[in-house]
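Encoded as structure tokens, the structure appears first; notes follow it.
Residue numbering begins at 1 within each chain, and the chains themselves are lettered A, B, C and D in the order written.
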Amino acid sequence: MATRKLNVRQAITEALFQEMRRDPNVIVMGEDVAGGAGRAHLGIIDPWGGPFRSTKGLIIEFGPERVIDTPISEMGFVGAAVGAAMTGLRPVVDLSFIDLLGCCLDQVMNQAAKMRYMMGGQVKVPMVLRAGYGTTTIPGQKRGGGAAAQHSQTMYSMLAHVPGLKCVAPSNPYDAKGLLISAIRDDDPVIFFEHKFLNSLSGDVPEESYTVPIGKAEVVRPGKDLTLVGIGRMTHVCLEAANLLASEGLEAEVIDLKTVSPIDEETILNSVKKTHRLVVVDEDNPVCSVARDVAARVADKGFDYLDAPVKTVNAPHTPVPFSATLEDLYVPQPPQVIEAVHAMLGIGARA
Amino acid sequence: MATRKLNVRQAITEALFQEMRRDPNVIVMGEDVAGGAGRAHLGIIDPWGGPFRSTKGLIIEFGPERVIDTPISEMGFVGAAVGAAMTGLRPVVDLSFIDLLGCCLDQVMNQAAKMRYMMGGQVKVPMVLRAGYGTTTIPGQKRGGGAAAQHSQTMYSMLAHVPGLKCVAPSNPYDAKGLLISAIRDDDPVIFFEHKFLNSLSGDVPEESYTVPIGKAEVVRPGKDLTLVGIGRMTHVCLEAANLLASEGLEAEVIDLKTVSPIDEETILNSVKKTHRLVVVDEDNPVCSVARDVAARVADKGFDYLDAPVKTVNAPHTPVPFSATLEDLYVPQPPQVIEAVHAMLGIGARA
Amino acid sequence: VGALDTSKLLWIYERMVTIRQFEDRFRQLVETGRPLGSGHLYIGQEAVAVGVCAALEPNDWITSTHRGHGHCIAKGVDPRQMMAELYGKVTGTNRGKGGSMHITDYSKGMLGVNPIVGGGMPHAVGAGLTSKLKKTGQVVAAFFGDGAANIGTFHESINLAAIWKLPVVFACENNHYAQSTPVEYSTAGNNIAGRAASYGIPGIAIDGQDVFAVYEATSQAVRRARAGEGPSLIECETYRYYGHFIGDNPSRYRLADEESHYHDRDPIQLFRRRVIEEGSLNQAQLDEVDARVAALIEEAVEFAESSPLPEPSELYTHVYGE
Amino acid sequence: VGALDTSKLLWIYERMVTIRQFEDRFRQLVETGRPLGSGHLYIGQEAVAVGVCAALEPNDWITSTHRGHGHCIAKGVDPRQMMAELYGKVTGTNRGKGGSMHITDYSKGMLGVNPIVGGGMPHAVGAGLTSKLKKTGQVVAAFFGDGAANIGTFHESINLAAIWKLPVVFACENNHYAQSTPVEYSTAGNNIAGRAASYGIPGIAIDGQDVFAVYEATSQAVRRARAGEGPSLIECETYRYYGHFIGDNPSRYRLADEESHYHDRDPIQLFRRRVIEEGSLNQAQLDEVDARVAALIEEAVEFAESSPLPEPSELYTHVYGE
């Protein structure tokens, strides 16, 4: 079948359509996932299609029983999804912003994640929690500010910590579609992180349904001198940094982590075995982050491969500031990656 | 002034009494912190004194306006503490179990932690959130089971991740009293982790008021061959392991981390500079844990000191099981620490 | 009693007695130093669980609280497997991995004891969604305590069930205390049933010691639910005879008068008196049940004691599927 | 109008007009490509913020929502600093670190715009606790939307304020929509004011376009609060003229009839008509306010445009104290 250019948002929409057609147990829930609920008789149907428009059109094909607008009751509807998943449905919940985890953590961490285990394997909780994360900063582009401290967080580190959850963070439309289909078919709760900046990123996406495996990282640029591991948007930052490093004569291998839980240690260790050097780039706050987790794994299992300190590049240990001038500094960018590489290699800052 | 033996629970109670006497703005809130609220006229006063009895007696001295029983409304009363802290009080909130963070994360992570920053420094949120954590397992002691998956978690890794919070986890009565007094006087929100197993641990505590600084680790046993970093109960596990290692001729330096946010890098790096080897022992689940965070910092800033892989010992990536036979295996114990040391040193398992 | 035939009456009595004896035995085991965990005893509240479940079909669902042994037994969970679970044995309902606070038997429609207060209520909404979407006709009963009426999930869950007209029966067990906190302190407004008005659904406060009253009110709510008319809220006034957990001494925060008032209104004794007075069952029939249940509980303890512990490898299984 | 003197009437008018002009200007700036973020416009709801704040003292507190510009201006926050905040400038209320969704002026008793729906309500409870414990007599008004009436904090906060008899006025701005979701879909029960009964507190639904009605109802609630009698709930029926945020087209989910109904009931026009009809203020007085405000808003834009951005070091400050 054909391949077209879709952006990440469109790829997600396509995955939802295909899975809802395939399996009548798949339902979509969340605030304004269609919008204007209860007003079809007034000709109002699907006016929003989700906070980022990625559920647009679903209600037309699947109706309001399977595309369910919810009130602002995160604990309630995420918990309802848990109950629905336990009893035979496969809910795909749109949480709008991952920051709203604050309003439903119990159902995610204590209920969904632990249910199968606590119950000794009697139940499964096949649900997907989709959530936008990250900032949309474009350094140097003049604008007042971003979405600030409560609508720009990354937060996958907190959820990767939780046993029983899987967490994916695709960096491109192809993976977004394939990972979402995998997530929907997965019998465990999967948190699907959608980077707000990447939503409009375009790329080749096959028309047919396909899966991208959860738990597998990918070498997206081969190299021999050092390994850069990126997550989501940071994969692109790593690729840009790799281009710049190439002009210095350094061939960086870039790995797109794709899944932050479970982490694909093997792919990373194989790379570091070859390159002997590692920098992990992560948009999340640094403390107890995925970046430091990966660094620690390599400092243990890959210690003998290492020729240099393991470096991590994260957002700072601060909330996300509003002012664009500060937000631009908050999000890691290629220069910081290059700085980390130089520090790792003992190369002094260039004059 | 004199020093007596107190257990951790008593040390906490004493800190609360002393701080409430010192500062009329200090209040205590939580479910059954006194208990039986509204029934003083029936002769019922203070029947519970908190889930672990650590607020017992406070209401007698300070009355129901400052010792406030709350309904089961975690988001509401933690949020009320945030509002009270913003407007001039210094609430000490008893959350009973850290697992209940699931029901109030928004107020902790999005509100309390970020308030000062989002508001450009206009406000402070001087509050303390006390919470029991961990399991009470005593390996080999026959018993049916523990408190299982939703009442035994450790979870400081998730909160150490959050900028704006401070997190402390004392391992003994002296530090419990001193750190709680520091936490109450601190102008930032502090999460005070009380290990359920340690509540009954006894030790010397001065009668007078004193502080233990937040953000400082302590070398609790000097050694030259390797460094063991422990947190809370794990400090004791490290000390036991160090004793066993001594009989193998290995002198382990043991560091009690005490504060998990901010982490005292300096004390750890100084130790590793001397010992060249590091094992971090942490009762929390491994992924994105404090243990791996510490390991990553050392693999970066202390790489040149290291002569061996950095090892971490954590609970497994599983929920906490009920059955004692499984719970005993869940919590790291000295044999696992020794195993990690052996693996680090390339010493094969002994026959 | 009216509409209930002998076998149903015996069913009700047996389940109430099973709860009572199961927990009495468990309590004795704990108090006499058997190495078990603690637990939240349901004794005193039997008429609620059994009255509600008597109005349900076997394939209907329930969600529960931390005080869930009674709900489990009422819904038909095997006391042997329950006891084994309390012992942390692999033959337990949850393979010993859940314990008292997580007992679950999916095959019986028992969706889990749930010790996060209010944590189970949204699951009932979700099960209701499944029932509605799959048109199975199943009803869900969500048990919760008076203390749970003040947590956000109470509000969110009832509102969701109401707007979606889901087949959920919200069954509040108002035993007057949340730990040591009296309901009149923690709970603004007149009563919990009255909060139903906020959601435009029926709310009724009934005598939770009277299993017939509970059965009647639930039956009505279940009819409404199955007819697609949405949820109801039933507040059952009841009492726990023991402390919040085994080891808690309730006389520190409860009044002796109040305690004896409820002991006088013991749900099992009320039932016995009524069926005997009305001539629907006789003493011998009831005593026979008592004896049968006693044997079952003995068997449950023996089963639990003699069952194997989970293998160490169980620590790592069931975290994820496959 | 009755009890209100000329200066109070002018105060009310000025604040309503300031909100309107401030936001109109901001909207134009955004829509004409000025590099600013988006924002949730308050226009159409001015009578609520101003009516409530007219009944408060300067040292009383308010908590707010994501749609908070109006609350800020009504409580006396300087529009220049607000505009600078929207521009991300260091001269902003929050040094440019908060933006539209976090504007705060502690010195004015404005405890923060708060874009977590329901997130500010518990803060009002906490401020009420402070007032009660310190016996300052301060009252707290908690603004929230119709959508917020379905989140757990609504329930928990009102219950807490009620049992503790705190001086809190819960002011619901029912503008009929939460994003594109109509209130009649999301909200079970008859109305939001009716939910007050669950907590045994007064609940009243009023015309939120009529600043006098809002002022009157709030004044009564404030009297009650200051007398130590506890909280009240006021549901103000109102409407937002624009989309959920700048860029959202509300005609996709609202009916033209409804929109024009509320445009006919514009709070500023209603006020003008009424005071002129009743002879309390004249056209010239009102026009003078319009002009003064226009100048102020111009000044605010100039102030914002000419103010410096935060220094890079600001990224790291105010995370912790000291």
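In the analysis below, contacts are C-beta pairs under 8 Å (C-beta built on N, C-alpha and C of every residue); 3 or more make two chains touch, one makes a residue touch a chain.
It should be emphasised that the depicted structure is a prediction, and the values quoted were computed from it without experimental measurement.
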On a CA-centroid basis, which chain has its centre farthest from chain A's?
C
Taking each chain's mean CA coordinate, chain B and chain C are separated, in whole Å, by 35
CA centre of chain A versus CA centre of chain C: separation in Å?
41
Listed in rising order, chain B residues that touch 2 or more other chains are 70-71, 73, 75-76, 99-100, 102-103, 106-107, 110, 117-118, 148-150, 163-164, 316-319, 321-322
Residue numbers of chain D (touch at least two other chains):
94, 96-98, 102, 116, 150-153, 156, 159, 163, 185-187, 319
Could you tell me which shape the graph of touching chains takes: line, ring, star, complete or other?
complete
If you look only at chain B, which of its residues touch chain C in the complex?
31-32, 35-39, 42, 44, 47-48, 51, 69-76, 99-100, 102-103, 141-151, 316-319, 321-326, 329-330
What part of chain D is in contact with chain A in the complex they form?
34-37, 85-90, 94, 96-99, 101-102, 115-118, 147-148, 150-152, 178-182, 184-187, 252-253, 255, 309-310, 312, 314-316, 319
Quick one: in the complex, what on chain C touches chain A?
61, 63, 92-98, 102, 104-107, 111-112, 114, 116, 119, 121-134, 152-153, 156-157, 159-160, 163-164, 317-322
Touch list for chain B against partner chain A, complex
75, 99-103, 105-110, 113-114, 117-118, 148-150, 157-158, 160-164, 261, 263, 284-285, 287-293, 295-301, 303-304, 306, 308-312, 316-319, 321-322
Complex interface listing, chain D residues touching chain C:
150-156, 158-159, 162-163, 185-190, 194-195, 197-201
